[in-house]
Amino acid sequence: MPSEPSRTLETFPNPNPERDYEINISTPEFTCVCPMTGQPDFATITINYVPDQRCVELKSLKLYFWSYRNEGAFHEKVTNTILDDLVQAIAPRRATVSGDFNVRGGLHTVVTASYQKPA
Amino acid sequence: MPSEPSRTLETFPNPNPERDYEINISTPEFTCVCPMTGQPDFATITINYVPDQRCVELKSLKLYFWSYRNEGAFHEKVTNTILDDLVQAIAPRRATVSGDFNVRGGLHTVVTASYQKPA
Amino acid sequence: MPSEPSRTLETFPNPNPERDYEINISTPEFTCVCPMTGQPDFATITINYVPDQRCVELKSLKLYFWSYRNEGAFHEKVTNTILDDLVQAIAPRRATVSGDFNVRGGLHTVVTASYQKPA
Amino acid sequence: MPSEPSRTLETFPNPNPERDYEINISTPEFTCVCPMTGQPDFATITINYVPDQRCVELKSLKLYFWSYRNEGAFHEKVTNTILDDLVQAIAPRRATVSGDFNVRGGLHTVVTASYQKPA
Amino acid sequence: MPSEPSRTLETFPNPNPERDYEINISTPEFTCVCPMTGQPDFATITINYVPDQRCVELKSLKLYFWSYRNEGAFHEKVTNTILDDLVQAIAPRRATVSGDFNVRGGLHTVVTASYQKPA
Amino acid sequence: MPSEPSRTLETFPNPNPERDYEINISTPEFTCVCPMTGQPDFATITINYVPDQRCVELKSLKLYFWSYRNEGAFHEKVTNTILDDLVQAIAPRRATVSGDFNVRGGLHTVVTASYQKPA
Amino acid sequence: MPSEPSRTLETFPNPNPERDYEINISTPEFTCVCPMTGQPDFATITINYVPDQRCVELKSLKLYFWSYRNEGAFHEKVTNTILDDLVQAIAPRRATVSGDFNVRGGLHTVVTASYQKPA
Amino acid sequence: MPSEPSRTLETFPNPNPERDYEINISTPEFTCVCPMTGQPDFATITINYVPDQRCVELKSLKLYFWSYRNEGAFHEKVTNTILDDLVQAIAPRRATVSGDFNVRGGLHTVVTASYQKPA
Amino acid sequence: MPSEPSRTLETFPNPNPERDYEINISTPEFTCVCPMTGQPDFATITINYVPDQRCVELKSLKLYFWSYRNEGAFHEKVTNTILDDLVQAIAPRRATVSGDFNVRGGLHTVVTASYQKPA
Amino acid sequence: MPSEPSRTLETFPNPNPERDYEINISTPEFTCVCPMTGQPDFATITINYVPDQRCVELKSLKLYFWSYRNEGAFHEKVTNTILDDLVQAIAPRRATVSGDFNVRGGLHTVVTASYQKPA
């Protein structure tokens, strides 16, 4: 089973689509590169979603996070992009992505974006 | 009093059915087997419910959790199944089951499903 | 001043009945006996109430808790009974009683019951 | 600048009356005397308020708390009195006072009272 | 890139104005001077906002906080001023600023002010 | 298997007497009676010992703690007595017993006694 | 049973003088007066001692702490005085007294003094 | 790469045998079976060792822990056995194994055994 | 009583020079300027000392810390300088100064220096 | 000032070589690559040393850690290598390096290596 960074999120059928329920996935192992200085940034990413027909597969999510390792990424943009990619992949009923970035210049930044499926 | 793993949940009459009240039961001692790798998974399971006519008996709940020890179980499915079995056994006014699974591949996953008795 | 276990809750006039306000009383020193095994059970009891015309007197509440020391008591029933006795004694505007019972068989149980004075 | 215990709360004009905002002041240094036993009681007092035209001055608040040092005071009454005195002094848009009293007889008591300016 | 204290907040275009999302920035490194005693005060400042067309740039925010280092500032006023300056700079959809000031005279003070863009 | 309070400590052969190793057993479920006031006292008891030829059996230890439930016991004496009884039962290479008693009159008391087998 | 502040420490015979063991008593309810400003000071006092022939009685210790309530006391001096008074009263094998004083002027002070009985 | 429970510990050459250094490995995912009741037990196992010529390979250690899943094991014996097996496999300069077992009957047990290579 | 930053440490006679005892003073309110970038640095300073004939006066210590507010100071140097100045002022029997500096560039630095009076 | 990953540690003269003192530097921002799977690993690295004639410069230390970002590194080896490189660069009187690696396969690993300058 090859393991390489990949921007593709694998999915599987939601085993219980008859019910709204929450899946919360978090990792302290997110790193990307500051587009201004080229230096590494570190964050804890937390995803919370209510699946509709598909769930995101955990191993592909790990590879997805890995794919940011050498990418320049602003805090605000990358958090929104992860949310957009998740919505694109699984069309959840609702989803929230939070990026909690390590202190830089004495400032601690957390960005939190949410999606709600149109009624 | 024989003690063996069992998927049957014993119940007893709710001593105070005239009132909505909450019963919260949690255990860090849930283990099952990953259906993909065959390796053990570990979780803390938390049940929160408002009983109607029946309450779940604690010892049988322990044996129920034990019954998953050698079963393959996906995080999402098993959390929903515990909720379904609880609803089946005691028909509560409402119930929530949460499965907080140990880190795998740097990802920490919590699945939370709820049931509300139809009005 | 004799100090003996007693199921009677002493009360005193609410000094500020013109206003809804909360009184929260908790103790980690509740013990009773398991009706199944006869062995001691231990719990932290928390009472939260909005008084109407009467407040519960603290010393008598301590003696009240003491009165359970040699009584058989199920988790669900005893929590509801404490709420019933409190309501009986002081007729509060609203009240909540929570019993947080020590782990038995790997399971940690919390029972929470509430009362709302009829409008 | 003389510093003596005083029941008078000094105030100053709210610098931003155009906006509702919260001021939260807490101190673990409140002590009074139990009216029953004459022995010292200790509490953490927390004040939270939305000022209208006046704010309470911090140094006078400290002297105000000091003024209870040799006074007999029941938990319920003194918490409500502090709220009444604050409302009297600054006529806030809303205010909450909480008294978190040290354990006596194994019981831990917290009293919380709130005020809302009439519309 | 010169680094000097400055009251000017630099901004950049919100990369995702199509969505309401939150940006939370906190720092324990705020210090100003007490206008009464001339002595240093210390606080943790937390900003939480939903951007509209502009976001605040982190480095300029750091220089902005720095600009208070030798300024006399009352707790209530300075918290409101930071909120006013943020609103002036980026016209957010909503914003909250909190100043959590170190203990003085045994009293711990937190001031929290919010802004909501008119509909 | 009858379960009654008993002052007898059951033992079993140390499976690894060839090596010094530590066994630490603690319980927050110790209660006795204050010999002065007759009121319940509560403590967390911690035992730490290096076994020689015998280990203490856990279930009998639980029944042993239970046997103090209606006994008058001073903090200092009861901690030393538990140590004496343990030494009597298993003749350990060394042992420490600690009793951490709940707050009474604002005072929190911990008594710690140790035994060392004579060389 | 009269309860008044008293500088006299009552004692009782050590029930286990044949063994060195530790008694640790702490209280967050110590208050005295700053000799410089006349304003209240607050501290947590911790006593740790190995008794010889006498132990200190808890209720009298509470009254002893109470006796400082209106006394001027410097941090360093009062901690040493409590140790001296304890040594005077019970002639322990060894003793340590620690005073952990609340923050004043941004500074948090802890004073710790020990006594060892001469060989 | 087949993954099955195995009592064999794989090893690899210590990359820095010229220096004493510590390797600490812990897991909350240890479960075995109580030999008395047949019911599952749970523990956190911590290994701390100074390698000599060999280090223990992490994946095989995981499979080793897995091998206890259906085995009857007393707390004292299993902790010593893990230490014995580790010493057998890698002949470390020194090693400590600790088993921190979940509460049973209100008692929390930790067993800690150490090995020191003969000089 | 004028309050200005000052590098002079006031002292007072040790009230108990007959005994070795520890005085621990800490403050999270230390700030200086980075000599490389000119930007503010923040630290928690902790002093621990055994006085000989003199103790350091708390208010002057506060003014002493204040005196670094606009000074360039390297982490290592300033921690040693504070220790040197303390030793110069009070000639303690022993003293330790620790500077715990806020994160810069993802690195958290603590410098700890000690002094022992020559025998 | 160019900022690129570099294995070279810059140094500066110890400002206080006349005294043994400790410098503790830690970062949660260390990442390398698992040599077995090629996947990212994450660790918190802590350095503690007593400088002799040279100290390590913080910015170069950050670039040094960065240089591991795309390198394969075993837990044991990389911790020892960081210690070796530090000793090579500054010849400290003593030094300790600890690598606290994120959970893999349910196992949490910490490696700690120390150096002592020969007398």
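Every chain is named by a letter (A, B, C, D, E, F, G, H, I and J) in the order it is written, and numbering of its residues begins at 1.
One rule holds for everything that comes next: contacts are C-beta pairs under 8 Å (C-beta built on N, C-alpha and C of every residue); 3 or more make two chains touch, one makes a residue touch a chain.
In this text the structure is predicted, and so the values were computed from the model without any measurement.
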{"item": "Least step count from subunit B to subunit F, where 1 means the two chains touch", "value": "2"}
{"item": "Between subunit C and its twin subunit E, rotation from the CA superposition, multiple of 5 degrees", "value": "145"}
{"item": "Pair with more cross-chain C-beta pairs in contact, given E-I and C-D", "value": "C-D"}
{"item": "Inter-chain centre distance, subunit D versus subunit E - centres from mean C-alpha coordinates, in Å", "value": "28"}
{"item": "Inter-centroid spacing, subunit G versus subunit E (mean Cα positions, whole Å)", "value": "45"}
{"item": "Approximate Å spacing (C-alpha centroids) for the pair subunit A, subunit H", "value": "36"}
{"item": "Per-residue multi-chain contacts in subunit J, two or more chains", "value": "28-29, 42, 102, 106"}
{"item": "Touching pairs - complete list by chain label", "value": "A-B, A-E, A-I, A-J, B-C, B-H, B-J, C-D, C-F, C-H, D-E, D-F, D-G, E-G, E-I, F-G, F-H, G-I, H-J, I-J"}
{"item": "Residue ranges of subunit C touching subunit H (in the complex, touch as defined)", "value": "42, 102-103, 106"}
{"item": "Of all residues in subunit J, those that touch subunit A in their complex", "value": "3-4, 28-29, 31, 37-40, 42, 66, 69, 102"}
{"item": "Subunit B residues touching subunit A - in the complex, by the definition given at the top", "value": "74-77, 79-80, 104-115"}
{"item": "In the complex with subunit B, residue positions of subunit A that touch it", "value": "14-16, 19-29, 51, 55, 58-59, 61-62"}
